[in-house]
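There are structures below to look over.
Next come two complexes built around chain A: one with chain B, the other with chain C.
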Partner chain A sequence: MGKISNEDLLKKISDKFHDQVTTVGEPFGLLTLETGREQIIDVLSYLKNDAALQFIFLTDITAIHYPGIERQIGIIYHLHSPVNNVRIRLKVFLNDGDVHIPTATVLWNGANWMERETYDFFGVIFDGHPDLRRILNVDDMVAFPMRKEFPLEDPNRVDKKDYFFGR
Partner chain B sequence: MNDIQLVDAPAGVEGAGFFATSVDKVIGIGRSYSLWPLPFATSCCGIEFMATMSPHYDLARFGAERLSFSPRQADLLMVMGTIAKKMGPVLRQVYLQMAEPRWVMAVGACASSGGIFDTYSVLQGIDEIIPVDVYVPGCPPRPEAIIDGFMDIQKLVQTESLRRRNEPKYQELLASYGIL
Partner chain C sequence: MQNHPVYTDNDPQNELSTLNLGPTHPATHGVFQNVLQLDGERIVSGVSTIGYIHRAFEKIAEHRPFYQITPLTDRLNYCSSPINNMGWHMTVEKLLGIETPKRVDYLRVIIMELARISDHLICNSVLAVDTGAATGFFYVMEYREAIYEIYEEVCGSRLTTNIGRIGGFERNFNQIAFRKLRKFLKEYPIVLKEFENLTKRNRIFIDRTRDVAAVTAEDALNYSWSGPILRATGVDYDVRAMEPYSSYEDFEFEVPVGSNGDVYNRYLVRNEEMWQSLRLIEQALVKLEKEPSDIFHADVPDFYLPPKEDVYNNMEALIYHFKIVMGEIPTPNTEVYHAVEGGNGELGFYLVNDGGRSPYRLHFRRPSFINYQMYADMSRGMLLSDAIINMSSLNVIAGELDA
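Coming up: the complex of A and B.
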């Protein structure tokens, strides 16, 4: 266990942000919170700059896609406080078609490539990002391949058609 | 040391003090036993190629021990491993930098067809971007299979015309890839 328990952590965040941050759970002891895009930078900034918490390390930014529900795209932030040996996870869910969220590069320079990767695979637009373009996939790709509506298989491939296998 | 084998002379006209054959055949034999391969190894097939080059299997027996790490001096492009779509233009550039005559060997399932990586990020066979002479199946192929593929290349080299580049069929093939 870290120097700060999840209860203390949750209490500090609740005192500061009240009902703007809701608790999702504590899977595997990892406190998971949900918030909105209006206050995500405030929450991240508080977690990073608070003298006691010191979540100075941005482990990862990624996203997830749940098709068929109202707020399909979730953007997920993992933070680590090396001083207190504790981690936290933040989620922001957005409607498909309006996938805009403020950039975290104002807090961590390391968020630059993480946000480019999240844009590359999920099409999340990080407003204010200095250079939001594809990073891993080919530049001329039109799809956001980790979204569920795009097929995983390469459509150019013909040698796996059913008629080759008598189906 | 008495079992040294020499390459058989090509078919020709022989008489007292002379031997006549076509330049094509002589140069073909010469080329086939001194191919300089360019190993384009991106994954596990490249590891098998290392075994093929090593003394146990010894590709030097076929005259191909001199690897050319510059495409400009290479005769044979050996593509061994998964080629991601982002690597595709690089591979094409390497092929374009090779001088004629040039041959291409796709070693392993990934280079031949994309293999198990039937996915948005992987090129589904290098023959989508460059022409391929010999495909070696396997995942990865054993060194014997790579050597077998190499011997097929040697046969191609021996039997092809010297002016392969000028043949309409060959030019048509290259044009279909947007090369020339």
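Coming up: the complex of A and C.
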């Protein structure tokens, strides 16, 4: 494992942010924290710029949808500190009616397309993003297809009906 | 639509010309569209449009049991499908807590390094084609065929391999596979050396590639680059060395780095990585001799499909077969991120599981997608012909870009 243990990492972060950051767990050795959208950029910027931590590599931004609970949309950040060889996962959960979160493009240019992809599939609005529009789906699509209520196949399609196959 | 890139140019005051490079253009090796504003031969600005072959793999994966997701991963970076397949198997094994035997790990290393060679081989030889040297491409292509024949002996298919299973391989490597592998190891270094002679010190090739699209290490990290193009800027980040998987820690290999991140450096890094891959395969073959030769999968009857003869003749095998196919075996309710060093960089699988037969959410961290986003920015001020070779040296694979 890395040069900095998860306990030390967690201690440093909670010294700085106290109860604004809560621990979710440590699945497979990857420290997972949860925070709110008000301080997400502060947390990311602290992790990136702190001389001892140096999480300079933004591995990934993605989202997840849990229908039926209050804060349905989770935005998930994976960061990596190549110097310490440690990864960390950050989560922010948002209410479905108000899926706004500040953009991480102020810290990493690489966040641009990752956030566009997350917007495209989950409808998360990244406030301050320079070019927030759909990236993989067509521009005039109205739905956000990775949300759970979006069906895998169009329920109205007729070309897979049994009578075409003699059943 | 307002946000669409501009396709026509009606402004009479504008002296720039608009060029639609792609979506189907012979020089882009895939479905990439870039709308470029050109001042003569120089690019003033560009807008990349992607998503032409988006197939919604992440959505499909939420409706498939784990073992049926392997064929989806094939179609990400289809120049090195086995790495994607193995990466996916290892993610699921990590989730389920399956320990694979050493022999399986070494066999996987062989297959993954062969895949890396075939990936880099295509990239470097196509780069030579784009600079005007078609000879090398036709020469080394024969050895991609040799690699595909080894895949064929192991799994029966060539491009989209679906190789291996969760827990190991579907069948043991046969003697023909090893014979073909040894033949490849004997012949390929000579070919690679000759290909190197053709390009490495070639004046035309160097003039076309050196200092073209040079990227600093800071920029590369800022854009989350990974893989050979990041190493070409001088950052020694390789997942195989940083977080060894599949027993890479047992092997000796070097992580080649470049200095200024230009096209020539990327070429050199990929070239050296092919030599290192050959070294890894040689070591794996030596290590395999010490392992029992009949082990090719972990002993996990809950997740590894039994042989078909047993399903018909053996009660237990039939039960396991039924349970696996119907997805009746509980899985841990947790989340896992696993990364492998793909042909283009860190290929990550973020799997959130809710205990069912298929993932609750599966996200692929696709290196091509993340590496490509700098392309339009870095093309600014570049000659059109340099932008073309820049794209081929980024080795963006459309399948991985669009998932």
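Just so it is clear, the second predicted complex is superposed on the first by the 158 of 167 C-alpha atoms of A that agree within 3 Å, B and C clash if a C-alpha of one lies under 4 Å from a C-alpha of the other, contacts with A are read in each partner's own complex, and residues count from 1 in each chain.
Here, contacts are C-beta pairs under 8 Å (C-beta built on N, C-alpha and C of every residue); 3 or more make two chains touch, one makes a residue touch a chain.
Note that this is a predicted model, so its numbers are computed, not measured.
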Looking at A:Phe28 after the superposition, I want to know if it touches chain B, chain C, both of them or none. Which is it: first, second, both, neither?
second
Just to be sure I read the superposition right, which of the two partners does A:Asp162 touch: chain B = first, chain C = second, or both, or neither?
neither
So, A:Asn137: does it touch chain B (first), chain C (second), both, or neither?
both
Scan A:Glu70 for contacts with chain B and chain C and give back first, second, both or neither.
neither
Counting residues of chain A touched by each partner, does chain B or chain C come out ahead?
C
Considering only the touch criterion stated at the top, classify A:Asp15 as touching first (chain B), second (chain C), both, or neither.
neither
Using the touch definition from the top, say if A:Asp154 reaches chain B (first), chain C (second), both or neither.
first
So, A:Pro145: does it touch chain B (first), chain C (second), both, or neither?
both
Where chain B and chain C land on the same part of chain A: residues 136-138, 145, 150, 152
Which of the residues in chain C come into contact with chain A in the complex?
1, 3-4, 50-51, 54, 56, 58-60, 62-63, 94, 221-225, 235, 237, 242-243, 334-337, 339, 346, 348, 350, 352, 360-361, 363, 365, 369-370, 373-374, 402-403
Chain A contacts chain C in the complex at 27-28, 30, 32, 56-60, 62, 64-65, 76, 78, 82, 85, 87, 89, 108-114, 117, 121, 133-140, 145-146, 150, 152
Please give the residue numbers of chain B that touch chain A in the complex, ascending.
85-86, 88, 113-114, 118-122, 124, 128
For the chain A and chain B complex, residues of the former touching the latter
136-138, 141, 143, 145, 150-154, 156-157, 159-160
